[in-house]
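Just so it is clear, A, B, C and D label the chains in written order, and each chain counts residues from 1 on its own.
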Amino acid sequence: MFFAGLDIGSTITKVVIKNEKKICATVIKPTGAEHRRLAHKVMEDALSKAGVPFEDVDYIIATGYGRINVPFADRQVTEITCHMRGVNWLFPAVKTIIDIGGQDSKGIKVENGKLVNFIMNDKCAAGTGRFLEIIAGVLGVKLEEIGELSLKSTRPSDISNMCTVFAEQEALLRLSEGTPVEDILAGIHKANASRIHSMVKKIKIEPEVAITGGGAKNRGLCKALEEKVGFPVVVPPEPLITGALGAALIAGEQIAKIDKEELQERQKKRRLEAVTFFDDESTKAR
Amino acid sequence: MSGAKSTGLARAAELYSVRGQRARELKQEGKKIFGYFCCYPPIEIMTALDIVPVRILGNMDEPITIADGYLPPVMCVFCRSAFDIGMKKSYDYFDGFVGAHACDGAERTALIWTNYIKTPCNFHLDIPHTAHNSAVDFFKQQIAYFQQAVEKFIGQKISPEALKDAVARHNRQRALVRDLYDLRKPDPPLISGSEMLQVLIALMCIPVEEGNVLLEEVIQEVRERPNVQAKKSRLLIWGSLIDNTAFTDLIESSGLNIVVEDTAIGTRPFWHDIEETQDPLDGIAEHYLKEVLCPRTFRDSGPSYQEDSEMRFGYLKEFAKYWKVDGVFANIIRNCDVHGYEVPVIKDYFAGLGLPVLVIEQDYSTAALETLRTRFQAFAETIG
Amino acid sequence: MEKKEFKTKKSAKTLQTAREAGYFGKKMLTSALEAQKEGRPIGWSMVTWWEGDLIAKAMGMELVYPENYGAFCAAVRRAEPYLEIADAEGYPNTLCGYARNCIGYTKTLADNNLEVPADAPGGGLAKPVLLISSGAACDARYKWFQALGRYLNGVPVWTLEMPQTGLKEFYLPGNKEKNLAFILEELKEFVGFLEKLLGNKMDYDRLEEMLAQTLKTLRLAYEVDVLRKTVPSPMVSQDFWSVMIPHLYLPEDPEAYEFYQKVYDEVKTKVDNHIGAIPNERYRMMFSELPPWHSIGFFDDIAEKFGIAMVIESWNYHAIKPMPAEELEGVTDPLEVIARLSYHKFTEDNDTARRYDASPGFFNARYLQWAEDYRADGFLAHPLMSCRPATYTLLHTKNSLEEKLKVPGVVIDGDIIDLRVFNPDEAFSKMEAFVETMDHYRELRRKAEMAW
Amino acid sequence: MAYIAGLDIGSALSKAVIMRNGTLISSSIRPTEGNFVRAAEHVLADALQKAQLAQTDIERIGACGLGVAFIAHPFTKITEISCQSRGTHSVLPTVRTLIEIGNQSSRVIKVTPKGKVADCLVSDKCAAGSGRILQIIARVLGVSIEDLGPLSAKSTHPAKFTTGCAVFLETEAISRVAEGTAKEDIIAGLHRTLAAKIAAMAHRMGVEEDCAMTGGGAVDSGLVKIMEAEIGKKILAPQEPFITAAIGAALIVAEK
């Protein structure tokens, strides 16, 4: 039996294909602005990587920001539940998850494998991965490198503006003043971590704490967050896929609840194809 | 509006979507229209003089622009929106304006309103903060002043009979609303939260008799139609009001059925009848101060935290049981303080009942709704 | 958000007496801590404008004011941790800053078995047996104490009533007397409640004594306000916010009266010798409503740089105008005196409001009157992120002042406690531009032949 | 009478003017591109060259803008608000309300008949409602900012945006493009979102006629039109909406 989880994030799309025992394949690709048409492509990639034909996948769950644009998914589940399940499978002792995605950041509380509380910010780019992307862009440093670079700083500069746009300008001013890039970056990471921390704090941060999402790939950010949290945090080996993994796990559970016939019925109807319609309001006549 | 008169839910939907329409028509026919703020001004007094009471609401679809020159952004967004569309002439057909010292926001908005939006008749109703007996007496006196002011404006006195009759008609409306609420008891409920909201708002902008007819039609229609709702987790909404179906639609399309709402548009104005007292004003004062359960009224504290909560929120336990609620959405319009202060307490209380609570502070704007979808879906997954 | 270190220093008070006022703040806190040691009952009270506190004190309670404690914590930059606790407890972070500070503090108190935590700023607030809240002026003032029930299990809350009729309604025949009767009725209930709670009887003689002293102190505080109309201003807001403590919280204390006499003398000497509080007064401004306690030094900066004297401020915190004699004629019941006194606070500006056709009286008409009396050139509106009542009417007042009296206003966002909003640099550059504005409006007033 | 320079080193654009006796001799605009030192140096050099002057001919420099600290020559710093007000007044003397839409913040300024500031409001913590998005969307769509207006006018179903955040607005606009929403509708939707934000500021201050718009936003006739509808008043735009602050800086420093 095979199950798949697709996490169509705002920035990155992740797929996990699993069987009862192990993860068979994972794929990580940029989402791109055309994500509505591309879900099937990443799925194909994952399938060929796992060597599993589409027909053999028994249950597919889509999650993430673009979860409604996966026509071949059996069910949609929010990324909050999926991250929770994924992390719980990897680290059963974790009680607090801090997920830093491209367009939002979240705090998730887990108890006995159940989602008990969550909080999220998706109103303001400050405190999200996007914030760091923008700063990396103006400073001309690769996103993958800003974390490491920031760790070299000895005197983090003080970034007083919270707004992404203002902070971007502030970073440029510092640069013009001759402040070393690593100090600016360290300051930026501190500011971002503090923003995320003050949000997640509202649901009480209890150990153990895991950081997931693309933000967790950034060691500088993780360190800054750890300092804020006040005790060590764990980071999954591949923090990007916890959502997709959780989705695949839930898919596995779902199968148990469905009888064979219905399953086959579903599989027959399913097509691995692109979304062709747009349900966007602005393209509809009102 | 179409020539052929629609009935029942369709009519409610119409009245809901063009809110001032019916009142404007009635004004053409020579009726007087009064706008009132929040659910505290006694509409019975207006009805007794054949005035049409229209509840002042905001508009979540309309960005707040003009109000920014008068009401600072830290003020309750609902109040700001109401004032904003007031300044944009949405309520230019009012013959009277009844402000009330309900909560700070409502009070200050009303006071400032009268400086900038002129209506022939104005009254500001003071409402005490406690429900002590002396407070009820005081409130009764204020209502009497209100009555006199309206009588003077119309040029006619209200006879005790007329007032009793108005109370009876409004009580009838309350009873019908409760009947309609009963139809949400089955699982899935027979009427959706959005439909309910349309009906309730429709009631708030038409005369009471028309409302009662509408309710009877709706009840019959809902009873007779096949149940089209899907089975989903059952949600109780507590807190600041919701006055736009875009919001309830969002919730109900996220795996939740709204089955009861303890808000100023939901159960609060309708849950208790006014007692038909010798002097009708006694029953009216008692009702609004003691039985309209907005946290703006301070109820004397209980001997312990638990008993205090029980005294204040015991009715919610009943609600939760009666409608077989699975979870609670605590809706806080940003800067609505009287509800904001209750958040931890209400969470404690529902936790005691084993019910999870989703708290959302929202900005009273449909543009910002979509981003809430994930929150509702995740909540549905938590309780599902 | 990361805390920002402000460069602004603590305010340099211009009055000698203002520097001595800190004594009273400490006195309040330490008396309560002593009372606790002695086993006397402690109450936490809102500012009730003399409605409830005198009564409780006459019953032998020692009162502390969490509102004032909030300002204190902010002034010594110790409020942040408490705000964070309140945040974590789930209170929206837009609620009243004083309330959130107090909720945070009370949580630490509860976590410490209701013993005052050793590191509490200023020695902390001792555990109360009663919370006296008030329906006057803002909802926070009863919702907040009600919320404390989570931490002070079983400590009763009593909410005092204060009618708040509209302006027109105030003048309806008989309404005023009915309002007063309602307050009186409630005060009697309150006394009954206290007697039951504390198990002793009200000492009416003591109450009368306290009341007499209070009236004396308030009158004197008012006289100081009158002196402040002088040009150049002998005493600025920075001083007022210090010296108000005794008359606002301890008016019945003979020491407060003595202190105020010293204040009066000092201000009078300055008036007689034409000495301004700031050396180069060029602009006279009014401030509304509650100040950024953490950055009061800002006012010194703008005084120094632009010659701006803050000549009058904070309606909230001022003593009342003395009541007309006939108001108290034949009134013997001290509770009725109290009812009239407190009610006067909220209605004393109604006649003014009527004259200007500007409601509400308090928070709006008051500033129109002040603008004329104090010859104000400008109005500094300080919308607070977390205090709504003091913010709601600001823009309306700003509009009224511009329209009716050609006095312009400037809006500078900030907060009483929260450091997140106030940015001294930006505020400073706004003031720089506003100075030009005041010049312009001065011209307009001159053309309209206004008195100043 | 000597020459006076006015500099406005903004976050997106740096501007310089050279003036004499209150008349404009030359001006220059160049992108700041994150290097404030270079931008300040070059923009002034450009303006000098156009006027065929040397640095030594300049008696005084008045300057404002985010990057003001990076000007290499001695100068007097003046607040941007005063500069905008004064500069706009000099080109459009009847203006009483000035709406400036810059790259990271927007401002509404009330101007006295003498060109001084009567009141002002600045969006200074959040870039929602700033002009930044215009530049970005123009680049994404491959059109110039001047073209946005005419395109926006053609829209029949302006797109709805669910965010006000300047950063997310950009992301949302880009995904609309990818989804195939018509250019016109995206632009018109953006214009509406921006205009509602800015109009609220304008209302907060009270709008007195005449009104004018300066800064990057003024180049976009579509935004100007929608703003006119929002505030119900005609809006003038100076011929060179970018350099008003620089002119103001020069004028003010000349008087000192």
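Here, a contact is a pair of C-beta atoms (placed from the backbone, for glycine too) under 8 Å apart; a residue touches a chain by one contact, two chains touch by 3 or more.
Bear in mind that the values here come from a model prediction, so they are computed numbers and not experimental data.
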Looking across all chain pairs, point out the one with the most C-beta pairs in contact.
-> B-C
Taking each chain's centre as the mean of its C-alpha atoms, give the chain farthest from chain A.
-> C
Whole-Å gap between the CA centroids of chain B and chain C | 35
Approximately how many whole Å separate the CA-defined centres of chain A and chain C?
-> 49
Note: chain D sits from chain C at a C-alpha centroid distance in Å of 42
Using the average of all C-alpha atoms in each chain as its centre, how far is it in Å between chain A and chain B?
-> 40
On chain C, where are the residues touching two or more other chains?
-> 90, 395, 399
So chain B residues touching two or more other chains come to 69, 368, 371
Would you pick out the residues of chain A that each touch at least 2 other chains?
-> 123, 162
Select the category (line, ring, star, complete, other) that matches the graph of chains linked by touching.
-> complete
Please give the residue numbers of chain A that touch chain C in the complex, ascending.
-> 158-160, 162, 190-191, 194-195, 198, 201-202, 204
Per the touch rule above, chain C residues touching chain A in the complex are 1-2, 4, 84, 87-88, 90
Chain C to chain B touching residues, read off their complex = 89-92, 94-96, 99, 133, 135, 138-140, 142-144, 146-147, 149-150, 153-154, 156-159, 161, 163-169, 172, 175, 178-179, 182, 185-186, 189, 358-360, 383-386, 388-389, 391-396, 399
Complex contact set, residues of chain A against chain D | 10, 32-36, 103, 123-125, 130-131, 134, 138, 161-166, 169, 172-173, 175-177, 278, 280-286
Spell out the part of chain D that touches chain C in their complex, as residue ranges.
-> 79, 81-82, 85, 110, 112, 114, 116-122, 124, 204, 206
